[in-house]
Amino acid sequence: MLLFAIGVGLCLLSALVTLCFVSRNNPQVRKAALWLTIAAGLIFIFQSVRIALTDQSLNYTFTQIAPQLQFTFLIDRLAAFFILIVSIVTVTVAIYSLRYVEVSTSGTRRNLFIPLMNIFILSMLFFVASANSFAQLLCWELMSLSSFILVMYHYEKEETRKTGIFYFIMTQMSTIFLMLGFILMYNATGSFAIAASPFLTAGTNTLIFIFLFCGFGIKAGIIPFHKWLPYAHSSSPSNISALMSGVMIKVAIYGMVRYVIFVLDPQLWWGILILIAGTISALLGVIYALKEHDIKRLLAYHSIENIGIILIGLGLYIIFDSYGLSDLAFLSLAASLFHTLNHAIFKSLLFLTAGSVVEETGTRDIEKMGGLVKTMPFTAALFLIGALSISALPPFNGFVSELMIFQAFFSAFSIPNPYVVILLIICLSLFALTSALAAACFVKAFGIIFLAMPRSEKAQHAHEVPRAMLIGPGILAFLCIGLGVFSFQIFGWLGFKPPMPNLLWVFLTLIIFLIPTLIVMRKTTGGKIRRSGTWSCGLPAPDSQTEYTASGFSEPILTFFKPIYKTDKILIRNFWDKYDSTFKNGQAEIKVMKIFEERIYMPIANCVRYLSQKVSGAQNVDLDTFILYSFITVIILVLAVGWIL
Amino acid sequence: MMNPTSILLIKVLFVFILGTAALIIMQKSLASLFSLYSVQSLLMAVVSLVLFKETGSYVLLSLAILTVITKVVIIPYMLNKVRKDSGIHRDSEFRYLTPVSAILVGIALIFVSYSSFYRVFQLSQDNLFFLGAVIGVSLALLGMLVIISRKKIVTKAVGYLMMENGVLLFGLFIAELPFIIELFIIVDLVIFILLAAVLSMGIDSTEEDLTRKLNNLTKWFKQ
Amino acid sequence: MIFLAYIISGLLLLGIVAAIMKWRFKGEQTAVSRSNLLNFFTLGHAGIYLILTLLALIRLPLPVLAFNNYLFMDPLAIYEVLIAETIFLLAAVYGHGYIKNLLDRRVIKVESLELFYGSFNLLMVMVVFSFFSNNLALFWILLELTTILSAVLIVTLSARENVIAALKYVFIASTAMLFSVIGLIILFATTKQTSGSGTLNWTELMVMANSLPPSLFIFAFVFCFIGFASKSGIVPFHTWLPQAYAKAPSMVTAVFSAVLINSGIYGIIRLYAVAHHNGAWHTVSIILIVFGVLSIAIAAFSMLPRTNLKKLIGFSSIEHMGLILIGTGLGAPVALFWTLYHILSHSLIKALLFLSAGILKNQFESNYLQDMPAALKLQPLATWGVILGTLAVVGMPPFPMFFSKLFILVQLGAFSLPLLIIVLIFLLIVAGALAYLLIRAFTQPPADIVKPYRADWSMKLPIIVLFVGIIGIVVYLSTGLSGILNTITASLGF
Amino acid sequence: MTTSLLEYFFINTFFVLLVSPLFMGLIKKVKAHMQGRRGPPLLQMYYQLLKLFKKETVVSLNSSFVTLIAPYINIIFMLAASLCVPLVFIPTANFGFGNVILFLYLMVMAKIFMAFGGLDAGSSFGGMGSSREMTISAIFEPVVIIVVSALAFVLKTFNIHEMFAATLVGPSLTNAALVLTGVALFIILITETSRVPVDNPETHLELTMVHEAMILESSGPNLALMELSHAIKNTLLMAMLINILIPWGLAVTLTPISWLIGMLAFLFKGIVLAVIMGVFESVTAKSRLFGLRTFFILAFSLAFVTIMFELLV
C-alpha cells in the first residue's frame, strides 16, 4: 500500500511542480515532472505485477467524506492487471512525451499538459482500484474532465472545436448511464460497495446491466456509440491519443468485466448481446478503418475493432459460463483480458509512432506520406511491429489473444443449444473476416505511409525523431514481441494452463530455419545487392504520381462491402435559360455517407436544436407575455389544487 | 350573525368593486383610470369600515384610514404627476385581449376561483366571507389581466395596484394580518409605485432625462 | 440584541464615512475618491456583518428569538447569512476596481454612485434580515424590498435595456409575490382556526404543524410558493431572470445569483419543513418536484441557442434552482442535507462565474460569446474562472456540485426511476450547452491586436478566493461542514 | 524434445522442400498437355531455382529493408508452417505445432510480407498485386475459418496432427461431412495457391495477375525463396486435403520402413491431386475479381452444411 501511495504522491508532485511554474516556459521543469511520472509508473508496474503473481489483494479505506460515502480501495488480481496496463502505457507515453511535448507545440500551454496528464492517469488508476461505485463515478468524471481538456489542447483548430463538443457530450452521456446504474444499485442494496448483493433481484440486475453496458459501451466506443472515438483520437495530441486509446477505453472494459462478473448475475442473453455488439463493432470498425486515410482516425477505428474483439471474448465467457462450461469460459475471459493488455500495448505503440510521423510530415493524410522508411527507419520498424501485432500475426502478442478466441469459438460445439451454436459460428466467420481485414488495412497503412516513394514535399524531408520518442515506443515494441513469444510461460507463471501452442518453440524454430537460409543466401549472393530503377513497362522512370495510392489499395475491398458504405449523390446543374437547355455550370459529387452520424446522431441533435429554438423563442418576448405565463400558471395551479384536493 | 343590512351593503359594494375593475380594464384615458382606481380603493375602505362596524376590530378601522390616505389620495396623486411629467395621457393599445374578451375572461376567472375555493373552504367559512375571498382573488387575477393586456407601464402599475386591492379584500374576509404587517405592505406598495413611475418615464425619455430622474430618486433616498 | 448590533454597527459605519466625507473632502471630492470611500463603507459593512454572524454562530445558543419573535437566528438562517455575507464581501472587494472601471468607461455616472452603493448596502441589510425573520409576513416584506432595491441596482447603469430589464423584474416578481400574501393570509387564518390566535411565526408554525388541516395548508403553500418561486427564478416565473442578470453590473449579478436567488428557496424550505410534519407533505412534494423538473427542462432547452454569456449562466441558475427544488421536495433528510450543500456550492460557483464574466466584459466590452477572441491569452485568470466554473456547474469532480448533484439524484432515483431518467437527459443537454459555451467562447483565434485590459488586483482577488473556497468546501465537507449541515437538517425537524 | 519430434522436424522439412517443386512442375505440365502443348520439363522448377540462386540480387532504388527481409520471412514462416502439417508421419508430441490457427496465421505472415514487398518498390503493379491479394485473402478468411471449424467440429480437435490421427483410424471417405469439407478444402487450395479462377499463375498481364504482380520486382535468390515458399504452401495445402480424406499410408510409428511407405504414399496421392488440379485449372475460366464471391460462398456453404449435419444429426 505504501508503495502505491508513493506512486500516487509522485504523480501529484509531478502535477504540482508544473502547476507551480505554470506561467514560465521552462523545459527543465517539464522534464523533471515527466520523470516523476515515469518513476511513479514504474512503482505501479512493480506493485501490480507483484499482486498479479502472488494473488494477495490490497484493501484500504481512504477517508470518510460524508455520512454515506467514503473512498475504499481494493486491488485484487483483476484490478492489478488493469493497473499494470495503465502503468505500462503511462511509462512509455511519459518517456515519449519527454521530447514530444517540446516538439509538438510551443508556449506555456505545454505546462498544463503535464498536470492534466497526471490527473488523467491517476483518475484511471483510482477508477480501477476503487471498491465502491461512488469513488468510481468520481474518477470516471475526473477522467472525462481531464481528457476533455486534453482533447481541446489544440483548441484553436476548427476541427478540435467540433470534436470537443462531441466528445464532451458523449462522455457526459456515458456518465449518465453509469449514474443510472449506480443509483439503481445503491437504492437496491443501500450501499455503494461493488459486490454481489442478495438484494439485487433479476429484474434490477438486468436494468443495471443495460445501463452499465451503455455507459461503459459509450466510453469503450462500441458501435453505435463509437462516433466520438475517431474524432477525439485524431484531434488530440498523439501521446494523449495513445493514452486514450490504449488505456481509457480499457478502463471501460474493466468496468464491464468487474460488474458483469463480480457484481451482477449474468444471464445467457447478456452474453449474446455483448457478443453481437462486439462482433458488429469489430467488423464495422475495421471496415470503416479501411476507408479512412487519416492515419489517426484509421487507428481509432481499429480501436473500435479491437474493443469489439475484447467484447467477443467477454460475451463468450458469459455464454459458456451460463452453460456451466467453466474451462471454456475461463479461456474466453483470459483471451479477452489478454487482448486488452495486448491492444493497450500495440495500439499505444502505433499511436506514438504515428504521432512521430505526423509531427515530421505535418499531415495526417496518409496519401501525402510515403517513403518514410528511408528517412525514419526506426520509427518505421516500430510501426511495423505494431502493425504485425494488431494484424494478429505470430509470434506477436496480438496473435495469442486472437488464437485463444478462435479456440474458444471452435469449442462452441460443446454448447447443447444448436441455435446458440449457429450464432457462434456466424460470429466466428465474421470475426475471421475482421481479423483478415485488419491485416489488409495494416498492409495498406504501413505500405502507403512508409514504403515506396514520398508523396509530398514534407514527407521527402522528414527526419528521424529524437531518441526519447523512439525509446518509449521501443519498449512497447519489445513487449509486443515478448508477450507473444513468452505467452505460454506467462500464463504458466500466473498459474493458468490454457490449451495453446507454445510460441517460444515456434519462435526458436523460426530462428533455426533462419540460420541455414541465411547461410545459403550468403553463399549464393555474397551479400551483394545491385540497385536499379523500378521496372515500369519501359515507360519513363515512375514518380510518386504513378504509385498505388491508399484509396486505390482499399478500392477492391470497398467494392466488396459496397452495401455498407452508403453513398450520397449530389447533383447541381445550372442553366443559362429557363428551359434548361443551355448548360451553364454544375457540380456533381459522390461522397460516402457517415451513416451513424447522418442517420442517428444528427437527427437527434437537430430535434434538440429545434426544440430549444422553440423554447428559447418563447422566452424572447416582452413583459406582457411573461406575465401571461405567470397568469396561466397561477390559474392552472389554482385549478389543480382546487380540484385535486 | 351579521347584520343583514351590512351583508346587503357589502354585496352591493362587491358589485361596485367588480364594476370598477371592469372599467379599469376598458378605460383608455389615464386620468380616468387613476380616478377609477381611487374610487375602487375608496370602496375598499368602505368595506373595511362596514366590517369594522360588525366586528369592532380596530385593525380594520386603521386599515380603512390607511387605505384612504395612501390609495385614495397619495398614489393617484403621484400617478397623475407622472402622467403630467411624461405627457402621456392615453393608453389605447391592447394586447392578447380586447376589452370585451377581457371582461369575459374576468367572469371566467371568478368562476375558476369560486370553484376551486369552494372545495377547500366549503366547511370552514360562512357564505359572505367566502364570497369576499373569491371576489378578492378574482380581483387579483383581473389586475393581472390588466398588466397583460395593457401596454403602458403606468397602466400596468394600476393593474398591480388592483391586484393589491384584491389581496386586501381577500385579507379582509379571511383573516386580517397584524397591523404592522399591513402597514409595511402599504409602504412597500408606495415605494413600488414610485419606482415603477420613475422607470416608466425612463422607458419613454432620453438617457439624460433618466439620469436626472434617477438623481431625484437619489435625493429621495438620502432623506 | 445581536439584531440591534447589526443595525447599529451599520449606522455607525455610515456615520463615520459621512464624517470622513465632510471633513476630508469638504464637498469637492473626486469621483475616484468618492467611489473608494463608498466602497470602503460597503466593505466594512459586509465585513462587520460577517463577523457578527460568525460571533453569533460561535457564541450564541441557537435558536435566538427577538423582537416579539419577529426575528430569530437558527442554524439554517445563519448558514444562509454566512453564504450571503461572504458573497457580499467578495462582491464589495471586486467593486473596488470594477466600479472605478465603470466610471472610466462612463457606464455609470458619478452622481449615481451614492444611489448604487446605498442600494447595495440596503439590499444587504434586507437580505440578511429576511433570512433572520421568523415571521413569514416580515420575510415577505423584506423579500419584496429586495426586489425593488435590485431593480434600482440594475437601473443605475441607466441604459434603456436596463430599465426594461428592471421593469420586467419588478413586475414579474411583484405580481407573483402578491399571491404569496394570499397564501400567508390563508395560513394565518388556518392557524387562527387551529389555535385561536393567528400566527405566521415559523417557530410556532413548526409546533402546531401536525394539527393544521392539510387541504388548507396545501392551498396556502401553493400561493406562497408562487411568490417565492418567482424570487428564485423557478420556471415559469423565471422570465425576469436572464435579462436582469445580463444587464446588471457583474458584481450585482453575482449577488443576485448567489444570494438573492437563495432567499426564495429559503422561504420554500421553511414552509416545506412545516409541511413535513403535516399530512400535506406528499402533495407539496409532488408540486415541488414537478416545478423542479420543469425548471430544469426549460433551462436546458433555453441554454443551447444562447450567445450571451451572462444570460447563459443565468439559465444555469434556473436549472440549479430546479435541482434544489427537487432536492427539497424529496423530503428525505439526506436529500435536504445535499440540497443545502448544493445551495452553498451553487452560490460560490455562480459568484465565481459572474465575477470572471465581469472581467471578460470589461476586456471585450461585450457579453456575447462570439466577441471574445483569444480570451485565454488576454485574460487567463478570468477565462479559467469561467472554464472551471462552468465545469463545476456541470457537476464535474472535484468540484462540490458533483457530490450534491449525485446524491440528490440518488434520492430522486429512489423516488421514481423514470423521473430520474428524464432529469438526467435534461442535465445532459445542460452539460452539452455549457460545453458548447466554452468551446464557442474560448477557442476563437485571435482577432486584431487587442490591448489586454489590466484588471485591478481587487477584481482578481475575489476570483482566487472563490476558487479556493470552492475546492475548500469539498475538503471541509468531510471535516466539519457535514456536522453543520446535519444540525441544520435536524433543526428543520427532519 | 522427444526424438520423435526431432526426426519429424527434419524429415518433414526436407520432404516438403524436396517434393514441392515437383508438384508445381507437374501441374504446369498437366495444364500444358490439356492445352495441347508439350510444356516445360517436369523438373523445370528445380532447374529454375538452382539458376536463380546463382544470379545476382537486383532491387529497386525505391525499396527498403522490407524488400530484403521479405523473402527470408516468407521462407522461414512457410517452413514453420510446414511443421504443422505432417506429410509422412505423425509425431507423438507436437508442442502445439499442429494448431490449425497457428498454421493459417504463419502462412498469412508470409503473405503479408509478400504484399509489403509488392508495395515497397513503388511500382503500380506491385501495389495492385498487394491490394488484390489482401482483398482476396480478407474476404476468403471467413471461408477458411469456417472450413477449419467444421473440421474441428467433425474431428473434435483443432490440432492438425490429431485431426490426421483421427481420420487415420476413423472413417474418412465414407464420412459425408468430411467429403463435403474436402470439397471446401479443395477450393481453399485453389484460392490460396493463386490458381484459376482466382488468379492466373501463367500470365503477366496486369488485368489478371495477383501473386505474380507482387513478386515482379524480386530477382535472383530472393525470387527463388519466394517461389520456393509458394511451392511449399501449395504442398502443405495439398497435404491438408490428402491427409484428411485419404490418410492411408501416413506413418505413426518410428520405423524407416513406415516412413518410406508414408513418403511414397504421399508422393502418389500428391501426384494424383496435382493432376486433378491441373485439369481443374484447365477447364475453369478465370473469374472476375468481384465475381469470386460465388466461388467463395460455395465453399462457405459446404462447410456450413457440414456443421449443420454434425449439429443436427
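Per-chain numbering from 1; labels A, B, C and D assigned in written order.
Definition applied: contacts are C-beta pairs under 8 Å (C-beta built on N, C-alpha and C of every residue); 3 or more make two chains touch, one makes a residue touch a chain.
Worth saying up front: this structure is predicted, and the values here are computed from it rather than measured.
A.B. asks: Would you indicate which pair of chains has the most C-beta pairs in contact?
C.D. replies: A-D
A.B. asks: Which chain is most central here if centres come from C-alpha coordinates alone?
C.D. replies: A
A.B. asks: Distance-wise, how many Å sit between the C-alpha centres of subunit A and subunit D, to the nearest whole number?
C.D. replies: 36
A.B. asks: Rounded to the nearest whole Å, what is the centre-to-centre distance of subunit A and subunit B, using the mean of the C-alpha atoms as each centre?
C.D. replies: Comparing mean C-alpha positions, subunit B is 68 Å from subunit A.
A.B. asks: As a quick test, compute the distance in whole Å between the mean CA positions of subunit C and subunit D.
C.D. replies: So the centroids are 79 Å from each other.
A.B. asks: Starting from the mean Cα coordinates of subunit B and subunit D, work out the distance between those two points in Å.
C.D. replies: The answer is 101 Å.
A.B. asks: Which residues belonging to subunit B are in contact with no fewer than two other chains?
C.D. replies: Within subunit B, the residues that touch at least two other chains are 120, 137, 144, 147, 156.
A.B. asks: At which residue positions does subunit C touch at least two other chains?
C.D. replies: Each of 164, 167, 171, 175, 179, 215, 219 in subunit C touches at least two other chains.
A.B. asks: Which pairs of chains touch one another in this structure?
C.D. replies: Applying the touch criterion to every chain pair yields A-B, A-C, A-D, B-C.
A.B. asks: For a test of understanding, state which residues of subunit C touch subunit B in their complex under the given definition.
C.D. replies: Per the stated touch rule, the residues are 109, 111-112, 114-115, 118-119, 135, 137-138, 141, 144-145, 148, 151-152, 155-156, 158-160, 163-164, 166-167, 170-171, 174-175, 178-179, 181-182, 184-186, 188-189, 192-193, 198, 200, 213, 215-216, 219.
A.B. asks: Please name which positions on subunit B make contact with subunit C in the complex.
C.D. replies: Against subunit C, the touching part of subunit B is residues 120-121, 124, 136-137, 140, 143-144, 147, 153, 156, 160, 163-164, 167, 170-171, 174-175, 177-178, 181, 184-185, 188, 191-192, 195-196, 199-200, 202-203, 207, 210-211, 214-215, 217-218, 221-222.
A.B. asks: Going by the contact rule at the top, pick out the subunit D residues touching subunit A in the complex.
C.D. replies: 53-54, 56-66, 68, 72, 75-77, 79-80, 83, 95-97, 99, 101-102, 105-106, 108-109, 112, 115-116, 119-124, 126-128, 130-132, 134-135, 137-146, 148-149, 152-153, 158, 216-217, 220-221, 225, 289-290, 293, 300, 304, 307-308, 310-312
A.B. asks: Taking the touch rule as given, give the residues of subunit A at its contact with subunit B in the complex, in rising order.
C.D. replies: 623-624, 627-628, 630-631, 634-635, 638-639, 641-643, 645
A.B. asks: What residues on subunit C touch subunit A, complex-wise?
C.D. replies: Interface residues on the subunit C side: 164, 167-168, 171-172, 175-176, 179, 215, 218-219, 222, 226, 230, 236-237, 239-240, 242, 283, 298, 300-306, 334, 337, 376, 391, 394-398, 402-403, 406-407, 409-410, 413-414, 417, 420-421, 424-425, 427-429, 431-432, 435-436, 439-440, 442-445, 477-478, 482, 486.
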